[in-house]
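Each of the two complexes below includes chain A, the first together with chain B, the second together with chain C.
Moving on, here comes the complex of A and B:
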């Protein structure tokens, strides 16, 4: 009995999270007429409140057809997003993970100062560094290219910070054992650091992906050419008369982060690190 | 420096370790270890034994002095090039790897051929009864199994030197006894020089061919278990090795009728001090005797000391009897399990004169009789 109540309670909480998603999905099946009728009080100067049925009364795939067949720029924009975000994430792994390993496992001169600098940079909002970033990118001739988004993103300090915390939890004895067993520092990083720090790396990947997939400031500031725009900017510019397309585009935009998260969740298990040690 | 080249031999020459904050963790350590020996570093926690082991492994820098392996100074040689294997106190298995990969790791790092590596993993796994666990990950093993995997990983190669840092400390008593025998047997079989760190004197006594007793970073005595037990070099060794502890009390030498006596509080024990230089006896002295060297005596026996039983500890095999008496220091004696005395009873005891140790009371060193 108690179990049922707990389930019911959890279900209610989950429902709150799912309602907007449900609305999004059901909205994609509404025709333009039904949509504008439902949204009239919000979009036009109608009376009363916007209504949103649980299911579309007259379900139609019209909006899907419109987006998938009649809106080629959507694919272009989607591809732009991928082209910008995946290299950034790759950069987080290739540049960030070794940096984090060095911070977590090695003692070197200036480590504290450098790490503090990383944290300070991490805490600075984009708006603070926007002008200086713009000037640098402009000098390098990268404004209006995807590199203007990729390079600063790939060198972001947040993933280094996240991964450092995770790498620090790997017991020193494990890497010492590797050293005694004949592993070089690089082998130790590749064979133990990466697998044992995987939850940290994955956390950084998931967070980084969400951040850059949804980022608007940097593309808006550094990309004047609209053909380079990512989804986040494109979405913000879909007008109200195209609400159906907007809903589907939102749904599709949501998919990659969702997939990344579902994939990452498996690796986000904690507690594996200490299992090689005593009870 | 003249160093003979000895495979698996290890020389520790005036080694010191300072930590920041002027902590002198290891002080002027000097040791010569022969090929094939089983050396135990024993001492209370914080005595520097693990630090010394880690310096030998190369996991800890050496502040001054030299560590010489096979005639070669290895102070600056990284651990991976020292040809050693180490078992850590907390096992330090690789949690992301299956047991077989854990064991094979040292071979893989040294580019052993796959077939040969697999054969050696199988061999060592069989020896340590791990054959059925090879596909598991460390997280799915019990403490004892993890310990055996750690041991297997160190055994899979034939290193010049085994280093073991309290490998049995986390096991229960029964398993610890079993593993102790297993390690001794393996070491005798392989003949690899081994250094074993423990704070457990039973392990030290039973496992080592020689024992290095350490305290506060200083080597107190380095010798066979018998030497250490029978002729402790100082008060620390006398008190640390042996359970129950050696009885130790402040004493003086007094003469009466041309016969020398050792004081035991108000009691007098005749003693032969002819081998000792007189000036050493002028300083404050302490005397010590092991519990098993005190015998029960009958009331009328000359020299019998009357005491009262304050506590009994029966281990089943023998009984530790704690004695008190006014004017006499408390003593502990060991008797047979059939001892019938009760708390509060009076008994008479006699100290075996030839088993009494005499120490300098201030500096603690033993005065040989």
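Moving on, here comes the complex of A and C:
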């Protein structure tokens, strides 16, 4: 009895997630005529109320064709997003993993202070660092280039924090044994640290991807040139009269993070949990 | 690496005491002009209001869901995946739908009109605040749920067995065992939610633009508007204050929570 009640309740909450997703996907099949008829009250501020049929009455792929063939701009924006997100993730791995390894494995002077500093920086909202980042990027002449997004993003401290947590769980005996066998610290890191800490690296990658694919604050501040805008900003400024195209653009924007989520849910959960651990 | 971030921050601290135009030391002048600014007062009070409304709601909803998931074990996988999914959905993708749903002539008002309720302009009025809270909780409750679940699974099962032998009912077990043992988790969840709450600007901006209804004009909007007018003095002073407040809040929470722990 109690189980049924709980199940119903969970279903209700789940509906809040399922219904919008369903609406989004079914909406993309509506033709421009149907869509503008349904949404006219919202888009043109006419009278009456908007409607959203459960299934499109006249399903068509017209809007897909329009987006894929007649909107070259969209590809450009999609590509911009990739160009900004993938280097950031790469930066997290190349810069963050060795830093995390150092925090987890070595004792050096000022380690504690530095680590606390990392946590504090991790916790600061974007607005705190916005001015100072701007002043630096401006001095370096990087404003209005993809680097203005990539460099601060790649230097983010959250992935270091997450990977450190995972590296710390590798037993010390393993690395000591490697040292006895004559492996240099760098070899130990590459041969042992990376494979054994892989779940941590993946967790950081999944969390990082979801975060930066969704990022708006930094591109909005540092990219004035609209041709450099990533998907999130482009979507914000897409005109309402093209509802069909913007629906599909929404759906396509959603695909990469959703795929990553489906394959990496386990790592996402581990990443969230480790970001929540106190030191 | 962190030096790259730190030196500019110290520079911002220095600048907050100087005038950007003449580069003269002006003491707390920048701070005074920020605090006296009516836009700042509006934004700060809205942000505070948002945090005080949204975070408790978020914590409670995610805790209830996590507890239910624990009780209802069978289909764990499906529900958990569902609740986490909004995390993967970019705000930009879903916002068009929120606009259609909450518009003056949108779906909710359409439903309400069937019940003969007068329509509300959800996005252009004070109700925008509720929309923002909804959109924010929608996206973030899965994150908190995972944290709660990990907290729940860390509780020693022997405690429950002992309680069961003593004849404690499920509600009693919840109040006497689960909730007290989740106190340390409460700290982490609160801190992380607090920090994530600054990202609500995405929802606010995407739903309502740079100059939204007064009820959702946040500190983040203000920073952006200062930024567009390159008001460096004010931004530096604002950033320093914000950093200070975030830092104090975290320290304060830690103090309160560790006091509650009895340690």
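We take it that the second predicted complex is superposed on the first by the 231 of 279 C-alpha atoms of A that agree within 3 Å, B and C clash if a C-alpha of one lies under 4 Å from a C-alpha of the other, contacts with A are read in each partner's own complex, and residues count from 1 in each chain.
In this section, contacts are C-beta pairs under 8 Å (C-beta built on N, C-alpha and C of every residue); 3 or more make two chains touch, one makes a residue touch a chain.
In this text the structure is predicted, and so the values were computed from the model without any measurement.
Once the two complexes are laid over each other on the shared chain, residue contacts for A:243 go to chain C alone; chain B is not touched.
With both complexes superposed, C is the one of chain B and chain C in contact with more chain A residues. Of the two partner chains, chain C is the only one that A:214 touches; chain B does not reach it. By the touch criterion defined above, A:195 reaches chain B but does not reach chain C. After overlaying the two complexes on the shared chain, residue contacts for A:227 are found with neither chain B nor chain C.
Using the contact criterion defined above for the overlaid structures, shared-chain residue A:138 touches neither chain B nor chain C, since it reaches no partner.
Applying the stated touch rule to the two superposed structures, the overlap between the chain B and chain C interfaces on chain A comprises residues 272-273, 275-278. Put simply, chain A touches chain C in their complex at residues 2-3, 6-7, 9-10, 13-14, 16-18, 20-21, 23-24, 39, 41-42, 45-52, 95, 99, 114, 117-118, 120-121, 123-136, 152, 155, 157, 210, 213-214, 216-217, 220-221, 231-236, 243, 246-247, 250-251, 253-254, 257-258, 260-261, 265, 268-269, 272-273, 275-278.
Interface residues of chain A facing chain B in the complex, by the touch rule stated above, are 171, 173-174, 176-184, 187, 191-192, 195-196, 272-279. If you check the complex, the residues on chain C that touch chain A are 1-2, 4-6, 8-9, 11-12, 15, 65, 68-69, 71-72, 75, 78-79, 81-97, 99-100, 103-107, 109-110, 113, 138, 143, 146-147, 150, 184-185, 187-189, 191-192, 195, 198-199, 201-202, 205-206, 219-220, 223-224, 227, 232, 235-236, 238-239, 242-243, 246-247, 250.
By the touch criterion given at the top, residues 57-59, 78-80, 82, 84-86, 88-96, 102, 105-106, 109-110, 137-139, 143, 146, 153, 163, 170 of chain B touch chain A in their complex.
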